[in-house]
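Take a look at these structures.
What follows is a pair of complexes built around chain A, which joins chain B in one and chain C in the other.
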Partner chain A sequence: MNNILELTDLSKELDHFRLNKVSFSLMEGCITGFIGVNGSGKTTTIKTILGLILKDGGSIKLFGKEMTEHERDLKNRIGVVLDEGYFYDDMTLKEMKNIISPAYKSWDEDVFVSYIKRFNLSLNQKISTLSKGMRMKYAITLALSHHADLLIMDEPTSGLDPLVRSELMDLLLEFMKEEGKTVFFSTHMTSDLDKIADMLILIDDGKILLSEEKDQLLDTHAIVKGDNKLLNEQTRKLFLVLRETAYGFEGVTSKKSSVHQQMSDVLIEKPTIEDIMLAYIGGSKDAI
Partner chain B sequence: MLFNLVIKDFIIAKKYLVFMLVFAIVGPIFITSKLELNNGGFISFVVTALYSLYILFNTVSMSEDKYKGSALLCATPYTRSSLVKAKYLFICVLFICSVAVYTMVSYIVPELLGRLNITNIGLAFLIVTVFFGILIPVQFRFGFEKTKFIAFIVVFLTPFIFPPIVEWLESNPSLNVTFSLPQMLRGWLPFVLTLLIGLVSMNISIRIYSRKNL
Partner chain C sequence: MKIIIKNSSDQPLYQQIKDQIKAAILRNELAEGELLPSIRSLANDLQVSVLTTKRVYTELEAEGFITTKAGKGSYVATESQELLAESKRYMVESKLTEVWEMARELGINKDELYSMMDLLFEEDEQA
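Entry: the complex of A and B
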């Protein structure tokens, strides 16, 4: 599989935050989840990829071409959904579409109309009157109506009810059925990724902590529970995060096989993506 | 593409377009009759045009500042420079509309409004270009909120300061710079200056906006 997007040592210094040599790549035909807590750098990274925030250093290659040199051509192949929509709220859906559509070489009005019908949107409705869910559907309609190869979405599920979130996930899976399509979306709601993500990239404090296949990540990591007596200097090193109480310990490990070898009589459970994310960033579930 | 971005500005400002059309018709007549100016309607046209353009431009800027729509547009194949160029084109289109409206009104009520000649139009365009040539880059640099106070003061002082200055200049011919250029070229000079100032300002704005984080 080809690399659709390659970020190498991407750096950006902002007032109270910096992206610290962010490097990762997206593979063609994959849904990649970009996870991290609020303020970890997800939006800054996405905005930098899109050229909305100017990078201080590093390289952004899309479809093998440097983004800064071929920005206009490359953006024709990207569909974008931004977290706050960034729509002119006083416009109608039709007016907004009439502004966006001429920007794309391969805008397909039939596709646009079919999504509008599917989502029961009214073209004469003002954007300000749309609910959060409808707004997201409209944003996706705009993003998918020019046959984009890469769909970039920033927190698309944030603030949506479970039904709309589920609809969105189905839509992404449908989009992926076509050959050569790739999805990159950021979220702090990791439950969305359990169902659909192929790859996961974890960012925290502007640094990439891990970039791996979801299934491999879930296979190699485990939640381990057991008696405190099993913990010693050697076994403690096997855990990314460890919580000890009077009744025993609970920890997340990335060395499942070593735990098997070195610790008998422990309970090993399959972790969720959230468990793994929190283990790497050193937080607890309550922190999210 | 540029054309669509100008249309976008008109859609944003559409609520005020009818009001501004009425103002563009009534404004020059009112100013000329109240101030009893004897300069063929030039000052009343400049003041009205400047007001109308500023209010419409400001409406668009306010909406851009509120909704950050330009961030979405920059995420599409629209370039940052095309967004900047569209702002200047928007002002040009509005100015042309102002001239058209004023000319129509001056044909309807010739006893109240004098017709604009090419030199007057050129001078008015030059004044408008100087004003927006400063305002647009400043707004791109400092944002809408910080800029609006400065602009408000300048615009609201214009009717009080501008007519006396022009009247004074007209009553003191010795102060007028005498060009050794032929009459016809002198008539086109404001347009040349307008073009130069506009281009310089646009390039400054493009540079500023190309370095901005959206």
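Entry: the complex of A and C
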């Protein structure tokens, strides 16, 4: 599988925050989830990729080409959904569309109309009257109406009810059915990713902590519980985080097979993405 | 074909899926030349990552159970008969090795073991 997007040592210094040599790549045909707590650098990274914030250093390659040199061409192949929407509230859906569509060479009015119908949106409605869910559906409609190959979304699910969220996930899977499509989306709600993500990238405090296949991550990590007596200098090293009480310990490990070999009589459970995310973030904080 | 993923299993996901597809081929539930689902649709149905199903197919192909034609999809390999016979024999052999080791540990000799096996065959014929 080819790399659709490659970031190398991307850095950006802001007033109270910096992106610290962010490097990762997105594989063609994959849904990649970009996770991290609020303020970890997800939005800054996405805005820098899109050129909405100028980078200080590093390189951004899209479809094999440097973004800064081929920005216009490359942007034609990206569909974007940003958290705040960036729409003019006083306009109708139709007016807003008329502003956005000329920017794309391959704008497809038929696709646009079919999504509008599917989501029961009305073109003469003002944007200010849209509910949060409707607004997201409108943003997705705009993002998918020019046959983009890469869909980038910043927190598309935040503030949405479970039904609309699952509708969105189904829509993403539908988008992926066509060959050569790639999705990159940030979220702090890791449950969105349990079902649909192929790859996970974890960012914390402007640094990438983890970039791995989701299923592999879930296979190699585990929640381990057992008697405190089993903890010694060697077995402690197997854990990313460890919580000890008078009744026993509970920890998250990234070395499930070593735990199997070195610790008998422990309970080993499957972690969620959230467990793993918190373990890595907690682990890095302790080290500082 | 039935594929069930155990969340409680210690086996990696791709291994679980691979073993079950292989078993389906061995049981002839998946016939020679039959088209397998695409990696994306299998991934969606099983709710695993496309990277996992891709690995399953790549390994099954390397082991000769399936073939992949670019742009068309993956099929159960037609040359798999000899391979199938071989893996069936291998599966029985490995079980027999376990039995033989157990018998030796427990002090059961060759004649006793043979007569146990004869008995099993006789029971089967009567039934």
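Worth pointing out:
Going forward, the second predicted complex is superposed on the first by the 282 of 288 C-alpha atoms of A that agree within 3 Å, B and C clash if a C-alpha of one lies under 4 Å from a C-alpha of the other, contacts with A are read in each partner's own complex, and residues count from 1 in each chain.
The criterion applied here is as follows: contacts are C-beta pairs under 8 Å (C-beta built on N, C-alpha and C of every residue); 3 or more make two chains touch, one makes a residue touch a chain.
Given the structure is predicted, the values throughout are model-derived calculations rather than measurements.
In the model built by aligning both structures on chain A, chain B fits alongside chain C without clashing. In the overlay built on the shared chain, the residue A:95 is in contact with chain B alone; chain C does not reach it.
When the shared chain is aligned, chain B comes close enough to touch A:53, but chain C does not. With chain A used for the fit, chain A forms the apex of an angle whose arms reach the C-alpha centres of chain B and chain C; rounded to a multiple of 10, it measures 150°.
Of the two partner chains, neither chain B nor chain C is touched by A:26.
In the superposition on chain A, contact is made by A:80 with chain B only, not with chain C.
Between chain B and chain C, the shortest distance over C-alpha atoms in the superposed arrangement works out to 29 Å.
The touching residues of chain A, when paired with chain C in their complex, are 27, 29-30, 173, 176-177, 195, 197-199, 213-216, 218-219, 256, 260, 268, 270. Of all the residues in chain A, the ones that touch chain B in their complex are 14, 47, 50-54, 71-73, 75-76, 78, 80, 82, 84-91, 95, 98-100, 102-105. Those residues of chain C that touch chain A in the shared complex are 7-8, 10, 12-14, 40, 44, 47-52. For chain B in complex with chain A, the touching residues are 1, 4-5, 7-8, 11-12, 15, 63, 66-69, 71-79, 211-214.
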